[in-house]
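Take a look at the structures below.
Both complexes below contain subunit A, partnered by subunit B and then by subunit C.
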Partner chain A sequence: MDLAGQLTSYLYQYFDNATFLILAALGLILIYGMMGVINMAHGELMMIGAYVATYSYHAGLPIPLAVLCAGIAAGLAGIVMELLIVRHFYNQLLSSLVVTWGLSLVLSQGALLILGPSTLNMPTPLGSFSVGGFSFGVYRMAMTVVAVLLMAGIWILLRWTRFGNQAQATIENPRMAAALGIDTRWIYTTTFAIGAALGGVAGGMLAMTTAVSPFFGQGYTAVAFITVVLGGGANALVGLAVAAGYLSGVQTLLSVMVNQYLGYVSLFAAAFVALLVMPSGISDFLERRRSRKVQR
Partner chain B sequence: MMCSKIGLSSVVSGYGRVRIVDGVSTEVAPGEIVAVIGRNGVGKTTLMKTLIGEVPVKSGEIRLNGRDIGGLTAPRRARLGIGYVPQGRGIFSRLSVAANLGLGVGVGDAARSNFDRVFEFFPILEKRLQQPAGSMSGGEQQQLAIARILVGNPQVMLLDEPSEGIQPSIVQEIGRTIRRLRDQQDLTIIIVEQNLSLIQAVADRCLVMDRGRIIAEVRPDALNDPALAKEYLAI
Partner chain C sequence: MEPPQSRIIAALNGPQTLGNSAFFWIFAILVLIVAIFFPFYASRFQVITASNLAISSLLALSLCLIWGYCGILSLGQASFYCVGGYAFGVVGINLIESAGNTNLALIAGIVAPVLLAAVLGWLMFYRRLKGVYVAILMLIVSLLLGLFMRQTADPSYAIGKAALGGMNGLRPESAGDPGIPNITLGFGEAVAVFDGRSAGFYWLVLAILVLVFLGLRWLVNSTYGYILIACREDSERTETFGYDIRLVQLSVFCLSAAIAGLAGTLYTAWGTYIHPDGFSVAPNILVVIWVAVGGRKDLASVIVSTVALGWLSLELSRYGEVSLLVLGLILIFAMMVARDGIVSALGEQIGRLVAARGSRREIVACFKGGRR
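Then we have the complex of A and B:
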């Protein structure tokens, strides 16, 4: 067997799996980190994005624009969701889970009623190349690049903009933020919309790799959920990167050594083990270690 | 009465159905420093939270320059020029000193915010701009909390126990700064305090609070009487 091709294939799978986790979880972890809410309807926002991207693509829009439309549509849906429902459940993890889970059922069943059960498809763009008899999709690698860019974008937004400062202040102490003239409701709504839009973009991009149906989102919600729980809310981006890197490592290893199914199942086992060691998630664990070091 | 900066008429507020502030009326003139004193748990902090809008007014009126602001949200009151420095300081510990200061522009008219003014009053902050605010000492954090309000363009400053947990020399310095702020920035100040020397250093008069009401008004030097001090201050 060709060693170079084999190794490339492992790496490719590793990044592909990690990208999948990051795309599915980025919007979710942003919302969780900022507002203590896990949005179980995040997969349905991805589904909305997937449909919008597919329809706009078939209507003749170039792919980047179709993905952009997906983000905008999901962002708008997120605004409506936040204003009508989610706003009443901030920092109530359990209630928010139940309510948004209900919402996800409504959205997927609604899509089934309106759009029907048949699946839609988009071709995967950008073709492929091969190394030593293994074939690799360029588009999948492009998705990895986009995932990294999206994370960098969120980091810049939070760290270097006025909105980011206001948002961080609002997470840490919403009352104090309000007393300084910050419209915390607007911050919450906007953050939720950004998280939703990220879900839409992810859905739009993933639509080019798999069939789109009303239940498109359900495959993602579970993995996004465990990635977020493992990542934790203290420093969402770091948590997400480490969680995705770790989970993808385990998944890739088992997929390669045994089979795809076991690779997928191992995600949950790996998360389980990690959570035994770090019950409140990776970012919280790192945060505490860091502050312990500072104190010394 | 029209010339008062901030006025309260029979203000009632509290948490849920409990009345904590139970009919407070008072007028504070422009440029005045009024201390609110009283034992622990009588409702001083709740009164401050009611003034900024964190705790809703159940009945009565809060007036700023004659306009009733009791129904406005906290952000809107802040933008009208009420700066709040809460008990415990309310510093955003994960943000840098600079970022904390930057968030003060929401107090008062944003177009007139000013950082230089702040460094003139609190020079140490200029050297610490990039430091995480949570890593500063209690006294520095207290100065940051006051400075943050000042970055904006406040008319009224609400200070809740600025001396709490701070060493005496810094308390004195804060006292001097508060007086200078009033004199040079035309600030009207309501300060909740238990520290006798700080009260006497800054206040023009003291309102004594007990069980949600103002039960007396005394001059700061009257608190030199140990019996009175014992009755009115939590020590």
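Then we have the complex of A and C:
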């Protein structure tokens, strides 16, 4: 065994797992972290993205365009969902949870009826490189880069654009925002649509690493949700990065040491333990510690 | 001095449940009589199906208790159901030959999910985890248990004579060992065997359902029930009044797990079969659909909707895999038009009609009106 290859392999797995968590959770950050709506159908939006990406790729579109199509399609689906259903459930956490869960059932079962149970595949692009007898796909590293870029994009969107300011004002105090002339309904719809589109992009990208089926999304919602919840709301993006880093660390360690199943279980166990210590999430916890230090 | 029967009825009535009028109770007794005589005019298949629907109603009641009355939504209620089922199966397979009955297995089927609920509830409620997190964590627990059970096909995953069996479902370890037993009550030679396919089993399940229903009606209309409602409506204020809401939540969570475990036990005995798929998303969401569509804040509504939707699923299964899709649409529709459940809303309407027609009896149903 060659040490450099082994270490690279661990590091590679670590970033792979973290990227997976970040991609799955990105859209939810906007929808849950900002709007307080729990979208249990997020995984199904990813499923829509995955199907659109796969079909448009097989129809001859280049991969970046196919992923873009996935984002647009999921975004449109998100707009429809928001206008028809989610709109009526703001500020009702449990009801929104139940109704979007119903929606996820309808979407996955609908996909099963229309598209059939067989799985689709998309080749993994970009080839591979090798370190000391271990071979690594370049695409997964590209995914990490894209995940970081998307996070930066959200940060810029919220921090530096007119839309971001209006969205933050709306979330902070909807009535005041409306009184200042911000169309809060439009802000909600748009934020939801962007969150959905991010889910679609994530689905499109993940479609190149795994088989696409109607139940593609089922596994992602819980994982994405736990990452967002653990991240907390005070500084959602930093929280997400820390949460993903922590969870994938535990998961990688356990799956390398024992097996994949225990790695997966340990992810949830780690999240559970962390939530027990920090019930309102990592970023709130960090924020509070910082403010305590400032006070001293 | 009131006659004793009216005191019993009074203990079962209250603002926490719909249907407190004489009209309701007479109607309920008529339905019960029809249900009791069901095996005499229905086919064997229909009786078997009816047993299953009654078991599902028990499971739905267990979620109704914590979600509707205490505000604890669990998206993983099926996990208690299946843990109960597996516990019954494992203990039953091991003891049926030596003991000749399933008394201990039945108890195990109730105690195992209660232990699970006690540990999880202690962790969650005593750390004051938000309701939403509790809901999702329960789903995750269920999915993880399912994942674990799926990979137990290896013969090393055996408890005594029972092999967990992975995707084949629970089964005896070797061909000579007994399978999952029927419900066998009694001691020594004097045992009553309830074959899951028989009318006797149907009556047993029906009796349990009626007892659990009446017991829960008594419970939610008692002082404890008022505390449950208080926790649901405003936990901080309840705490200010000196109630330990963590203990209330934990206790009702365990009670709910016991009922769900009992349902799972009966289900396992009904089909002499238990499978890891019971932990997956579909069974968990089904329970939520039954309760949400019926009306989470009323016990009787939940039973009505469970039976109706269960029957609908069976009818729809003739047309291929559409039943989950249709049930999902029904759930969304119900959440849009009647947030507190369709059957409950209908029940309140009927209550008003009966009241308007001059019945002098108090219709407390209207008391509950007003959407939150």
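What to note about this one:
Assume the second predicted complex is superposed on the first by the 289 of 296 C-alpha atoms of A that agree within 3 Å, B and C clash if a C-alpha of one lies under 4 Å from a C-alpha of the other, contacts with A are read in each partner's own complex, and residues count from 1 in each chain.
Keep in mind that, in the parts below, a contact is a pair of C-beta atoms (placed from the backbone, for glycine too) under 8 Å apart; a residue touches a chain by one contact, two chains touch by 3 or more.
Computed from a predicted model, the values in this text were never measured in an experiment.
When the two complexes are overlaid on their common chain A, residue A:N165 makes contact with subunit B while staying clear of subunit C.
For subunit A, the partner touching the most residues, choosing from subunit B and subunit C, is C.
Looking at the shared chain after the overlay, A:F272 reaches subunit C, while subunit B stays out of its contact range.
Of the two partner chains placed by the overlay, only subunit B lies in contact with A:A178; subunit C stays clear of it.
Of the two partner chains placed by the overlay, only subunit C lies in contact with A:V99; subunit B stays clear of it. Comparing which residues of subunit A touch subunit B with which touch subunit C, the overlap is empty.
Of all residues in subunit A, only 38, 85, 88-89, 93-95, 97-99, 101-103, 105-106, 109-110, 112-113, 218, 222, 225-226, 229, 261, 264-265, 268, 272, 275-276, 279 touch subunit C in the complex they form.
On the subunit B side of its complex with subunit A, the touching residues are 52-54, 73-75, 78-79, 84, 86, 90, 92-95, 99, 102-107, 135, 148, 152. Contact residues on subunit A toward subunit B in their complex (touch as defined above): 162, 165-166, 168-169, 172-173, 175-184, 294. Interface of subunit C with subunit A (complex): residues 71, 73, 75, 123, 127-133, 135-137, 139-140, 143-144, 147-148, 151, 281-282, 285, 288-289, 292, 320-322, 324-325, 327-329, 331-332, 335-336, 339.
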